[in-house]
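Structures follow.
Two complexes, one shared chain (chain A), two partners (chain B, chain C).
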Partner chain A sequence: MRIFYVTLKYTAVTLWSMFIIAPFLWALSTSFKDFNSVTGGATYIPWVDFEPTLEGWRVLLRSPAQGGVNIVEPYLNSIFVTCMASFVSIVLGTLAAYALSRFTFKAGFIKNDDITFFFISQRIMPPVVLAIPFFIMLGKLGLLDTLLGLVMVYVVLLMPIAVWIMVDFFNKVPIEIDETALIDGCNPYQAFFKVVLPNSIPGMVVAGLFCMIFGWTDFFFAFILTFTEVQLLPVAIVSLNSSITPWWSLSAAALVSVAPLVVVAFIVERYLSKGNLSGALK
Partner chain B sequence: MAQIKLQNIAHSYNPDATDSKYALKPFDMTWVDGGRYAILGPSGCGKSTMLNIMSGIVKPSEGRLLFDGDDVTDKSTSERNIAQVFQFPVIYGTMTVHDNLAFPLVCRGYDKSFIESKVNEVAEALSLEGLLSQSAKKLTADQKQLISLGRGLVRDNVAAVLMDEPLTVIDPDLKFRLRRKLKEINQKYKSTLIYVTHDQNEAMTFAENIIVMDDGEIVQIGSPAELFERPKTTFVGYFIGAPAMNLFDCDAVGSNAIKFGNVEISTKTDLSAIKNKRLKLGIRSEYLQLVKSAGKNTIHANIESVDDWGNHKLITANFEGSNIKIKVKREVEVPTEKIYLKFPAQNCCVYENEMLIS
Partner chain C sequence: MTLAASNLTIERKDEFYLNNISFEMSPGKIYTIIGRTLSGKTTLLKTIAGLISQDSGKLTFNGNDFDIIPVWKRQVAMVYQQFINYPHLNVFENIAFPLKQRKLGKEEINDRVKQAIEQVGLVGFEGRKIQALSGGQQQRVALARSLVKNANILLLDEPLVNLDYKLREQLREEFKKIFSSKASEEAILIYTTTDPVEAMQLGGEVIVMDEGKILQQGSAKEIYENPITTKVAEITNDPAMNLFKGEIKGKKIKLNSKIELSLPKHFKDLTDGHYTFGIRASGITLAKSGFPFQIELAEISGSETFLHLGQGQVHVVGLLDAVKNFDIGETVSVIFDIEKLYAFGSDGILMSSPYSGTK
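== the complex of A and B ==
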């Protein structure tokens, strides 16, 4: 019976893994193809079904003058904007979330939960509703087509996620931890920075991961709020497209763009399984 | 170390609301320096609120709090120099055991050599020496609770160590040893220990003085023996002791006698000044005596059940509609249907409006 369950489990896991990995393998194989290999029917295995070429990858590093699309600069831009915006969102979001979790706010009928919901409610709106105000505001500030402008917009978009996750996290960190720190002689700031914050790193890692995923994959705002000076990776990948779709370089670019998230996810996953989320009690 | 005085302290969690309700009704109380107290009461009776007011986590809505005559009502928790241990162990999971114990001293800026010597002293007292370099997160619940306690003891000048049901998570055998350890610590450091619990055995074995609370009020303060022998209210009689005190409706019939059903029972209580004739008679199940025949102060009751509790028997009997519990030694022969029960006059407590007539 046990063998049956184990077999069933591994079969399910294998099928699911194949389902997840297949598109990546398909993209990987396509990235080594050329026009003929792509258009001449489905082919799978390099050297057997088709002759591999590095052309799809080379295009990514060539300058436009040489007939390529240089994605190095958009890549660095994307890393900068995502990391900065995630960092600022986590710092501000964590502070806001701590306040919302520990202190009572009241303005008429508006209470803590309403304020928390107010943060996340910005994410309920369709992005296009936000696009026009963002465009006008950044225009007035002279921040259109700049990295700073993008960072600011992404902070607005990512902070609700950070607040939402961290409020939930802090609510699960027992208030006795704060009280004990106060009794042990901390002032409220020390209690937060010395005791509560070190215990909240797992929550911040989760919030950070979400922020990075949302920031890294955004195409819409990166497209609307930039023109020629600054380009982010998703926009650069889309701009690879032309009248004849270059599937090989698109595949290569897609793989390259996913790579950082995979690396981050691996690191974070390890960290999370080591430091458990349960906080300090029991 | 200090004498702690609560002057007319009261607290409400919603003082401005129209349906404002006291979690703690106004009262005065003095905690003698070095004393060992237990606060006993059912859940929600205001025990924890009282502790939190003393430690400064909660600011009382009324009254003043004095430590050795100094008004500390408006002082912050860290300025009060109180140690508090909560129901569930609170440890700083990112620190080692050593750093956990040292934290209160580090926060207060003591120098390193002093901190080392204090940490080692407390670790030794709590048998934690072997664990000092370990991460606090990996310990068992009772070891964690020892650390919480250790953080309270590491400062030698604390005004009091407040404990809010600290042994809940600990298994019975270790509970017993820890209570002894707490007593030793109280004797060694001469620190005032205030211990909140809803377990009367814990309170009885730990404290010199027990404060019984109910519904935001202090009902009685006294030694374990006083609470057992002369409960001031029917609530205390009911709450303290297992089984609870027997309580019967009765009428006053003389200067010190009452009538329970059709039997007259004389007591040591002076009832001559009592206007209200409807009273309650209270007697511990331990003090009811099984006798062979009818006589003075004796009723004839029907046996309903006899339970063997290992070290004693618990008889449940019925007399004119009232249930009576009697605790007798295991070897006592219990008749099968009817028994004569004698009410010793010195053990009878008489209550008027639920208050003991003294």
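== the complex of A and C ==
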């Protein structure tokens, strides 16, 4: 019976893994194809079903004048904007979340939960509602089509995610840890930086990962708020499209764009899988 | 060096967390605060630590206003009932934390941490992560961190409540030894518990709290022998003291139409009338020529059996000094040791006790 369950378990895991990995393998295979290989029926194995070519990848590095779309600059722009916006969102979001979790605010009928909801409500509105105000504000500030402008917009969009995750995280951190730090001689700032913050890394990693995913994959604001000076990766990938859809270079671009998130996920995986707070309070 | 509170009051949403609390505590003693959950024990400790500010009243230490000193500058240490430690630090770093905050020299920190580790029996665990320790070991770390500070006031908020029975017994003994040496070092130790046995075992001065008020303060022996109200009698006994209404008429105590007890000597000065009588479980047992009671529940506890007994309106808990199974509803013959009876007035105030007679 045990063998049956083990077999069942491994079969299920294998099938699920294939389900997850299959699109990536498909994209990888397609990225090495050319027009004929893509349109000439289903082909799977390079050198057997089709002759692999690097053309799809070369297009990503050629300049538009050479008939390509150089994604190096948009790639670096995306990394800069996503990292900066995520970093600022995490820093501000963590501080705001700590305050919302530990202190009681009351202004008329507005209390802590309402303030938390105000942050989250930024994400409830459809992006198109925010697009025009953002466009006008950045225009007035002279920040349209600039990296700084994009970072500011993304901070507004990502910070609610950070606040939401971190408020929930801090609510689960026993307040007695903060109190013990105070009793042990820390002033409130030292208690936060020396005790609370080091133990909040798992929450910050989760919040940071979500911010990076949302920031990295956004197309709408990257498209609306940029013209010629600055271009982010999702917009550059879309510009690959033409009258004949170049599936080979689109697949290569898709793999390249997913790569940073995969790398980040692998790096922070150990923080995601185990909470560092066990042992704070048994 | 005295810690004194006068009329400490904390009220939130029409509910008193502390209600006119006054006391004076001197060094070299263990003060055990006993009370049920939500009686205000933790609130009082947090107020002393400076984590909560009272609405009114005054707290002084050595005659100086304690309220104006922020928590991180008070010479106070505290151990919580949850095992609170810093998960990102190992055992040594956890214990050294308060000393590093005081910016003491490396050598002094090492010496004092080593001493504290020896005191709580954690030698060899210095480099371990907190998560790798058992509950008892984690609580030892928390205790070591509080001891290493050499604080003037050591607050222990039900430190053993989350441990299993055996470990609790073991640590209680160890803690008692540590506390005795700590108390002799001129520190004020305040220990809270809900367990009457623990309160009595620790000895020292016992403070009984309920609904934010101090009901009684005195030595463990004094509280045991003369609980001044029915509430104190309930809180300081496990199982709670049996309390039942009855009447003294002639030379008899009448509990109901079927139960009449002789008047014990220490009740001789009580006038006829209605009283609330109290007797501990150990004063009620089974014997051949007793009153018929029905078994409502029988709980085996170690080598004894607690019997929940009922007859009409009278419901009591008795103690059988043996392990025996009973059927629920079974009729047994019960006797009351009248020499162990207490009498309380209609207002719940102690009128007569077996130890000091009629008040």
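Here, the second predicted complex is superposed on the first by the 273 of 282 C-alpha atoms of A that agree within 3 Å, B and C clash if a C-alpha of one lies under 4 Å from a C-alpha of the other, contacts with A are read in each partner's own complex, and residues count from 1 in each chain.
Convention: a residue touches a chain if its C-beta (ideal position, glycine included) is under 8 Å from a C-beta of that chain, and two chains touch if they have at least 3 such contacts.
Here the structure is a predicted model, which means the values were calculated and not measured.
K.L.:
Superpose on chain A as described above, then tell me if chain B and chain C fit or clash.
P.N.:
clash
K.L.:
Does the superposition put A:199 against chain B (first), chain C (second), both, or neither?
P.N.:
Once the two structures are laid over each other on A, A:199 reaches both partners.
K.L.:
One more residue to check, A:243. First (chain B), second (chain C), both or neither?
P.N.:
Neither: A:243 stays clear of chain B and chain C.
K.L.:
Which partner does A:104 contact after superposing on A: first (chain B), second (chain C), both, neither?
P.N.:
In the superposition, A:104 touches no partner, neither chain B nor chain C.
K.L.:
Let me test your reading of the model: by the given contact rule, A:187 touches which partner, first (chain B), second (chain C), both or neither?
P.N.:
both
K.L.:
Taking the stated contact definition, name every residue in chain A that is touched by chain B in one complex and by chain C in the other, in rising order.
P.N.:
In the superposed arrangement, which is not itself an observed complex, chain A uses residues 174, 176-177, 179-187, 190, 195, 198-199, 279-282 for both chain B and chain C.
K.L.:
Considering only the defined contacts, which chain A positions touch chain B in the complex?
P.N.:
Touch residues, chain A against chain B: 174, 176-177, 179-187, 190, 194-195, 198-199, 201, 279-282.
K.L.:
Taking the complex as given, what residues does chain A use to touch chain C?
P.N.:
Residues 174, 176-177, 179-187, 190, 195, 198-199, 276-282.
K.L.:
Over in the complex, which chain B residues touch chain A? Could you list them?
P.N.:
Residues 55-57, 76-78, 82-84, 86, 88-94, 103-104, 107-108, 137, 141, 148, 151, 169.
K.L.:
Can you check the complex and tell me which residues of chain C touch chain A?
P.N.:
Of all residues in chain C, those touching chain A are 46, 49-51, 70-74, 76-78, 80, 82-88, 97-98, 101-102, 129-131, 133, 135, 138, 145, 149, 162.
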